[in-house]
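In what follows, subunit A forms one complex with subunit B and a second complex with subunit C.
Then we have the complex of A and B:
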């Protein structure tokens, strides 16, 4: 279907609505942040309106670089884990009878409704020495004594993946549900075992959907702010934590704004690169 | 026993019976067609042969070996799906050589074989293209080549031509049949198109909406001697007239009594029967004439499509259609009085 070109004053008026939403909620706030990132900080006050590149110059510290790299890496790592676990999960989900699919989707969506605070504290209890799952492993004879696994890198990974997993499934669901069920069947009749079929046909034909899911979940993970503070040690704090620190506790809004703008630029560049890589197809097909 | 043998196959989905008690033999090198309306279970039967569904009851034997529980990927059958199911992320050559790659055939051998198959389906030089760059007919050929790549023991076709336009479909029917004859490959074709079945098949299995096999036979046997009213109505067009069998072996239809040459086995005088007469077997005479098996009436419609002429008659409340070639076209127009003649040899009596 091709949308008709809007005609007349009324039609043009309807276009104003999305334009206004975009302007009020995205363009203006971002414009303000961009502007503030060039302002000068006034110690003890707010900021002075004057143009300076000093904030961006101040970004290039070892701490900022390390935190930026860690934020990008943990977001990418968790996105990989989520898609690796979520893809087969979603595939099996789409092969279920409709009624059972709905039950699973409702459970997943209800997980999304949990606040990050609840999720983070639940994981910190589950991974704690006194009440955590390690006690269960001791009972089962797998461990000698209970251990504390939180805070730490793996605790943070668990928490972030837990929040991102339902999101991953929801992103992967439409392309997997649309997959022609005859594709895997054709592979079967051509001699591929179910496992070989999964990797050569299902993963293969949905490569672009997988890349899209990786990018979406990666971007979603970049915004993580609460979970690293509860489940991670200070060296695991993400850039979002650092920005908040700068903005609220040190009252350095111009520097925080510069960090946020730079962070966004780097993320956008990475996302763009991934999208370009995912679009390429064999045989030169468009 | 060489060939494919189905023994008392039944398939249920929950409480619904999809295929009911099918026993069937497909001899080596032949093309057998499962023909029936949608929902008759013909595709389910094919999927059971392919190993994509498990029969609820019965056995499938290939050359005497029981393959009922053999998984699909071990059967070495080639199947062409209705949606074709070409792999969108692979090139034409990669699609065709997929089954060879799975079997770890060396790359050089794969290339040689896919070029050979592209030659066979008359698409030489298309190996490097993407599937999305092909037309419907070309995709069809690629799907056929892909299914033939491993030299399958059985070639299964599930309504493979249904996505093509009418003209291309007719061409592909011939081409596919000639290919099958040249390779001598045992083939099962599923279709709802009786013309396609009659064009291509050595043997037709007619299935009905009651999920049973109604008749098996050569195309002409089924056309000339349909086993029941369903087959007569489904294969081609037929005049189906309700009647009653008399003491003298004649059939009374409406107010006229007709002589017929053959009666179904076990037909008793007085029982209700259906008379089936093909339109092309019925000559129409102008005016009201009397004689053996003459049905006087009036022309209600003339369908003249150039290559053939159909004359629709109302003979004392019975609708009768006659078909003739333009050469033998009777000079009749709508509203004219006319008489349909039902030759005794053309009257097939079916149990009602």
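Then we have the complex of A and C:
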């Protein structure tokens, strides 16, 4: 019954319409951005069609280098924290009864869907002087008086991890759900303690999935835009902030486009690496 | 892991995920215009202001219109595409699906800048149409993934049986295919709707100064100081997300959807 190719006008339209929409509204915008990165800036407008490599030449300033380095650093740091906590968490999650799993998944997806504005606002309240956790520490006698912990590096880390943690769990969920339950059972039968089983058998057999998750979460964190602006100080701003700043406030669309193209190159290389890493299965089994 | 250790760990994760929401919920109830937790006095005045002041009602209306239209737009692209992928074995259907997933995989600022360059070029920068179409394309990934999963779950033998009994394409779609994919269609729509409602960077880049959506409004308001109204907005957003995803969890297959929504499984 499955036709090999579409026949009739209506059938052709089912492919033609999505193809046209994606071409016009995704491929073309992308092409324009790529082209604009080689154009000149028009003061007060968007861009002048005039080929130049100046934007790429102007890219590598000290500020750009510092912001890029910080973006990579904070993204990697938060990815590490999230995978370190997310891996054992996801393992426990996949072993829960289905009903409880669904409750956890609802919480995780709800948090993941929240606007970054809202997450950043919630954490700035959470770390503020009047309503924050420091009040709790005062009550427990750990601090003398309430303190404000936002903005700052650790506030930024909290906010970034809050968004990245649910994402990490969703990335790790499929490989862990597919893990053969007999594997840990066998290890236990052979006398390994639960912790030894976890670290040798489970972590060991999913090493490539962990690496893939690290890179995926890292790339996801690179996209963070609003959280550094609210929870970080200006020295904690990321590349996404710099690009938007250039495009909107300095209205230098060509330079912003060149930054975005460079940034995309870095991201694509990382996602490509993650996919290669994710495909390789442990044990060399084909 | 031992039982106690496991409980402690899961509890810590739960506290991490829920405590900001609990604190913000408390702050939203303050009687005076101050951010205290625990709240000083209890009042719902900030919720009343949120749903009573035009200053907040306009962004709410904008956000709802954008989310509704763009998620319908995303469905209109994803439904024929995933149907074609299931129905016809042609290579360009696969290539198109990859294209549909791409906007979601890149750092959002890059896609947003592409949209900005596009709308500036065609002269529609700053219009509601620009926001709606950009969101429809940006979020097409979600219904595309859920619907592809829905089509895969259809037993092809049932379709063949119906055809042997004389049903044509239209009847097969109406009586077999559509009922089977309906819940996936609803989930895909819901995902796109909620994410569009919460999206900031694309909406800001293509029409931030003229079409103010709720996230843009919150961010702009934050610059002029914090008020408990923002805490109230946060709680409304959290409840809405929990309601939508709770319904999907109750009536749909959330574990299966989660397995499919992640990049790792898309790659393989």
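Following the convention adopted for this analysis, the second predicted complex is superposed on the first by the 243 of 286 C-alpha atoms of A that agree within 3 Å, B and C clash if a C-alpha of one lies under 4 Å from a C-alpha of the other, contacts with A are read in each partner's own complex, and residues count from 1 in each chain.
The rule is short, and it goes like this: a residue touches a chain if its C-beta (ideal position, glycine included) is under 8 Å from a C-beta of that chain, and two chains touch if they have at least 3 such contacts.
Everything numeric here is computed off the predicted structure, so don't read it as measured data.
Legend: residue contacts after superposition of the two complexes on their common chain; A:196 is shown touching subunit B, with no touch to subunit C.
In the superposed model, A:48 makes contact with neither subunit B nor subunit C.
A simple residue count on subunit A separates subunit B from subunit C, and the partner touching more is C.
Within the superposed three-chain model, A:183 lies in touch with subunit B and out of touch with subunit C [touch as defined at top]. Of the two partner chains, subunit B is the only one that A:207 touches; subunit C does not reach it. According to the touch criterion, the shared surface of subunit A, contacted by subunit B in one complex and subunit C in the other, consists of residues 194.
Put simply, subunit A touches subunit C in their complex at residues 1-6, 11, 13-15, 17-19, 21-22, 25-30, 32-33, 36, 46-47, 85, 88-89, 92, 98, 101-103, 105-111, 113-119, 121-126, 128, 130-133, 135, 162, 165-166, 170-171, 173-175, 177, 194-195, 198, 209, 212-213, 216, 219, 222-223, 225-226, 230, 240, 243-244, 247-248, 253, 256-257, 260, 263-264, 267-268, 271, 274-275, 278-279.
Listing the residues of subunit A that touch subunit B in their complex gives 180, 182-183, 185-194, 196-197, 200-201, 204-205, 207, 281-286. Residues 50-52, 71-79, 81-83, 85, 87-92, 94, 98-99, 102-103, 128-133, 146-147, 149-150, 156 of subunit B are the ones that touch subunit A when the two sit in their complex.
Considering their complex, residues 1-2, 6, 9-10, 13-14, 16-21, 23-24, 26-27, 34-37, 76-78, 80-81, 83-84, 87-90, 92-93, 96, 99-100, 102-103, 105-110, 112-118, 120-121, 133-134, 136-137, 140, 156, 159-160, 163, 191, 194-195, 197-201, 204-205, 208, 215, 218-219, 222, 226, 230-231, 233-234, 237-238, 241-242, 245-246, 248-250, 254-255, 258-259, 261-265, 267-268 of subunit C touch subunit A.
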